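Heads up, the next two complexes both have chain A, just with different partners, chain B and then chain C.
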Partner chain A sequence: MARIMTKRTAPRRRVWREATVRAGMVVPALVLYVGLLVVPVGYAVYYSFTDYNGFPNQVPEFIGWDNYKRVFQSSDITDSMVVTGTVALAGAVLVNLAALGLALLLQQTNRFNTFGRVVMFYPHVLSALVVGFLWQAMLGPQGVVNTMMDKVGHSSLPFLSNPTWALWSMIFVIAWSLFGVQLVLYLAGLQTIPADLIEAARIDGAGRWQTFRAVTWPALAPTVTVAIITSGISLLKTYDVVVSLTGGGPAGSTQTLAYSILAVSFPGRKIGLASAEAVVLIIAAAVLAFTVLALRRRAEEGAESIG
Partner chain B sequence: MSVLRWGRGHIALAAGTVSLLALAGCGNGGSSGGGNADGEVGGEVRMLVNLTDNLDQSYWEDLVAPFEEATGVDVKIEGPTGASVAETFPQQLAAGNAPDVIQSIFPDDDTMPQLLDLSDLPWVEGTPMVDDYAIDGARYVVGIGSQTQSLVFYNKTAFEEAGITETPTTWDEFTEDLGRLKDAGYTPMQTAGQFETGLQLQQLFHPTLNTSHPQWQSAVADEELSAGEAYLPMFQHYADWLDAGYIAQDDVGLDPSSADGNFIGGQVGVYPQGSWFVATLEDAGELPFEVGVFSPPVDAGQDYPGPQGATMADPYMINAATGNMASAQALVEYLVTDETAIETQLSADGVFRQDSGVQQTPIGEQVQQILDEAPELVAVGEGFGDTRLPVTGFNPKFTEIVQGLYTGQSPQQAADALDDWISENR
Partner chain C sequence: MTRSPRLAAMVRIAFLSVLSAAMLIPMYILVINAFKSQQDILKNPFTIDLSAATTEYLTAAWNNPDFSIPKGYLITLGLVACVNVISIGLCVPAAYVLARTPKPLFRLILMFFVAGMFIPTQVILIPVIFVLRRLTLMGTFPGLVLFMTATTIPFTLFVFTGYIRVLPRALDEAAAIDGAGRWYTVWRIVFPLMRPIVATAFILNSLSVWNDFASPQVILGPGSGIYTVTTGVYAAVGQYSADYTKVFPTLLLAVIPILIIFVAMQRHIMRGLAAGSIKG
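Let's turn to the complex of A and B:
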């Protein structure tokens, strides 16, 4: 009888031990995730419904949807949303086109391409603040570019002193600083494409463009999805380059939503409003990610139905 | 209750930070260990200061070294963890690790409950501008002098070459002189981008504005005056000067240090700046031209010179919740009353003080004279003490609006934008 009991309890003990080991591995990560992400985001959502200056002596006062109404009624904030949308959309296109183009050029492994990959990744190593100051010195009214144009008899260009020019200059600088990571993603994606597929396409008489369209591009689809989502989210958060390149100017024309949150609402001690803006930004990032994923799924389903 | 409050503030900071998808670094001041609970001077005092090129860590450490030697107090100098002291102090308050002494910012409605009322301390009496900064009669901040805001530095050689024999006292004369400077081949007036665009317009307009509308910030707060209407004449001057090419439209993209460099290089006629520019001129060494300075013009019919915009220099406040009150008070008393400490601070950052024995440069003496001749010192920007606008964040917004003049907005549009913003944020 005792032997039967021992035989029955042994597997149960093993199950418990395995469960404990698994929990021991998962719980620390779960605690960190909940403590550092879920709880703060939860509090941000809570504060977004309150009037609160962030100081210990003030009790947050519940004000319903007022902060969200203000987010969508304030021309300053809606303007910053338009700027953020433009930066995210145009920047994502620019970053991914540049990264994909260069990845196609640098995909063969040789000394020159290895050097080229290092050079292309270099801007991403620099702090975004440094990137902004660097390009300020290049594009400012008395910067390197305008001084050189002056020397050769051309009139200077208003890279940072005209609202439209300043916005596109900023998008270019952000794209320059970001595309290194996307380049690495595309290089990794290109290396996963079986060489015999490319070879088969060529044997069938496909040209470079046809090979790219029919073989490389479909095989890269998962990489493209990741690259667009990660670059889009990075661009939605644009703050540092704004601070050091344009300071949000001229006349607020380069103020992004993240800049508005960190440089306007938080210093103005409008914690509730800043939290509402942050929640809107989180939702925008989520919408972007889910939209890209849904488009990719639809494209895959379409391809499968044709196949 | 205090534990709950601490927790809420702490979580607020974390929530704000993480929910921004780690957009900003987390404020992280040290804790004020070694507080002297028995009320005697000793232990450690944390002081949050503004760090700049000339007011660096070693400057602050040297400044407090004699105090540390005399009292045995360990003064821990801390720079901002965010972009500025103004941004860092509220974060640290919310996180429950605020420093004992705070330098460079002023009290307002939000911070006031967190600060020590210094009114009953005898050594506070007679310190510069202390009563100007009092709120409802209570003194929360003390300083060592004044930073004069409304100054126009000019190139005397350029003035001579342009045939200008006297500095202008009215806006008509000023505009005429800008034309002459342009004809003589100089950049008539140097302005700059970033924070400086709005600051320079305010600096030029303080005397006129405060003559036309004394304590205009209070009048706006009481809804007796529209800020846009008050600033409209100066917006019009700027628009006219931009049209005439007296101000370069490109200046709006120019960083302020390049603007300093342009004036120092000798190609600029006039350069509106504050008294801190005296220190920049001194650092620049010998210039190829002579520099002069005058108080900005006023409208025809107004008394010249007009009121001078000024701010308290090296302001110090004490955290009411400090664990080492005796030492924090002793440190601030030392900083604002000790002669050597005052002279060190006056020399470091273009700060002026009436009856100061500090040896001034020739240009510094001119600034001191302007300060002495000013009929009164007036609040600038958002204001100070009881003379304050009903909004926070005025200066950055004002700069954005003034930059609009450079990018094609009309003076009336700028005035309307200012009024709209104030009514939205009141």
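Let's turn to the complex of A and C:
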């Protein structure tokens, strides 16, 4: 294929000009991205090996792996890692079960289903901070749910005041606000399944469940993988809901790693420690991301061999 | 067509109706309790006595000295607009070059950008403070705009590049023969064809900017006196979460516009999200 723009015979000056124009188109985006996302990651790595406290006149002193040792030895921080892991894992399972189930129920396009999709999705357009405050008013000791239970003669439940209850209340609230996104993803995935495949299964006498097992589920597998892991990654960053729903309490039982970084270590001027925690979380997200990409490639190869 | 699935269909409709109602309960609670006194909320949170309903608390929330809601809207809207303009303005030409240059270097640059999609932004906010301080943009609106724009670049660039790749190359070649420069080709020929994907990026980026709390909280801080809707809600409600006459009206005022926009544009928003999530 002859390409007019980059012909070898073109005069040198033109080639040079062409390269400058191209650079001029990419460099601004690159500068902003590197300056405010990549450089900060670099800073986080650098500070994580120092005792920096954030005062402009303090020169960060190199202290080796001390911050990382502290991250893995302080029970506060390891607890928050367990909380983060629980939120990511249980949240991802809950969100995806709800989303997949509802996607199957709402897959036909009609008025009722459109209404259903909007209702399932709307919590996502509210900010997580607002969602947290709203559910705090619902689930708090004097909240709506406990008042109503009191009225029907049931004793109140410690949704947010007992450590175990609080963690699961928070996971429920996050799932409530998040599963709409995955629902849309699954609906899009379901649409890519050729209708004749499903029809063929029906004609062969397969029941609903059999059709799901033999046709829908395998065809949906790539979507499922991606949906589980992307929701896992966004759950790893849980911060806003913690601020507004529980404030990390009671007794640190809902304190996620992101909350520990921004609301505990940072105000305590432990920039080195906060950076080490950040690096740990970035590595966790990267591991998950690589898993997505690897699984995705495998799924795509699988899809190619079918199609 | 047999008639046996009829019962199943009815069960399905009943189940979905109950679930939809359950999903809407928090919204219902939020709306009715915004018009009631603390005592009334504590006694009857689930019902509203219309004769006793008052807009007193909504007015008070609107005029809250800690956080001016109209100003919060303006600032957040400005933030959304600035981030979108800069992000789209930078990503369209960059994506065009990355999509149209089949050289390993450019593929590497694209991968470098895409890797940014997996950086958890809340977590690097602390080092961002030090970068912005060097640029003397810490605690300022432009500083927040630049950081939030940076967070949108990886995703936006990724979906744009994927979209431009499937646009026919003959278009650019024809433009080049006619003597059009690269910039002209990008903005006058390629960009108009990108409308669907630009809409997707616009919707997703707007939602994430509008709803972000951690970035404005850390970058603007209470000292700057600049509040977005989320940091303003936090300032107004955070310490008074037991005073429901503050909580419900403030939250209601904070969510109404975005809910109206969502209901009016739900088809575009959900379609855009589906397009983005398949590509992303």
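Keep this in mind: the second predicted complex is superposed on the first by the 260 of 307 C-alpha atoms of A that agree within 3 Å, B and C clash if a C-alpha of one lies under 4 Å from a C-alpha of the other, contacts with A are read in each partner's own complex, and residues count from 1 in each chain.
Methods note: contacts are C-beta pairs under 8 Å (C-beta built on N, C-alpha and C of every residue); 3 or more make two chains touch, one makes a residue touch a chain.
Remember, predicted model here, so these are calculated numbers, not experimental data.
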Joint occupancy of chain A by chain B and chain C, clash or fit: clash
First, second, both or neither for A:Pro56, with chain B first and chain C second: both
Which of chain B and chain C A:Leu295 touches, first, second, both or neither: neither
Chain B versus chain C as contact partner of A:Pro163, first or second or both or neither: first
Touching partner for A:Pro250 - first (chain B), second (chain C), both, neither: first
First (chain B), second (chain C), both or neither touched by A:Ile261: both
Touching partner for A:Tyr239 - first (chain B), second (chain C), both, neither: both
Partner chain(s) touched by A:Val82 [first = chain B, second = chain C, both, neither]: neither
Chain B or chain C, by number of chain A residues touched: C
Touching partner for A:Tyr47 - first (chain B), second (chain C), both, neither: both
Which superposed partner A:Gly116 touches (first chain B, second chain C, both, neither): second
Those residues of chain A which chain B touches in one complex and chain C touches in the other: 36-37, 39-44, 47, 56, 136, 140, 142, 233, 237, 239, 243, 258, 261-262, 266, 271, 274-275, 278, 281-282, 285
Complex interface listing, chain B residues touching chain A: 5-6, 8-9, 11-21, 23-24, 83, 86-87, 90-91, 93-94, 96, 110-111, 113-114, 193-195, 197, 248-255, 258, 262, 392-393, 396, 399-401, 403-404, 406-407, 409, 421, 424-425
Footprint of chain C on chain A - complex, ascending: 4-5, 18, 21-22, 25-26, 28-30, 32-33, 35-44, 47, 56, 102, 105-106, 112, 115-130, 133-138, 140, 142-144, 147-148, 176, 181, 184-185, 187-189, 230, 233, 236-237, 239-240, 243-244, 258, 261-262, 266, 271, 274-275, 277-278, 281-282, 285-286, 288-289
Chain A-touching residues of chain C, taken from the complex the two chains share: 12-13, 15-16, 19-20, 23-24, 26-27, 29-30, 33, 42-43, 45-46, 86, 90-91, 93-94, 96-98, 101, 109, 113, 116-128, 130-133, 146-147, 149-151, 153-154, 157, 173, 176-177, 181-183, 186, 207, 210-214, 218, 229-230, 233-234, 237-238, 241-242, 244, 247-248, 251, 254-255, 258-259, 262-263, 266, 269-270, 273-275, 277-278
Chain B partner contacts - residues on chain A that touch it in the complex: 36-37, 39-44, 46-47, 52-58, 60, 74, 76, 136, 140-142, 156, 158-163, 166, 233, 237, 239, 243, 246-253, 258, 261-264, 266-269, 271, 274-275, 278-279, 281-282, 285
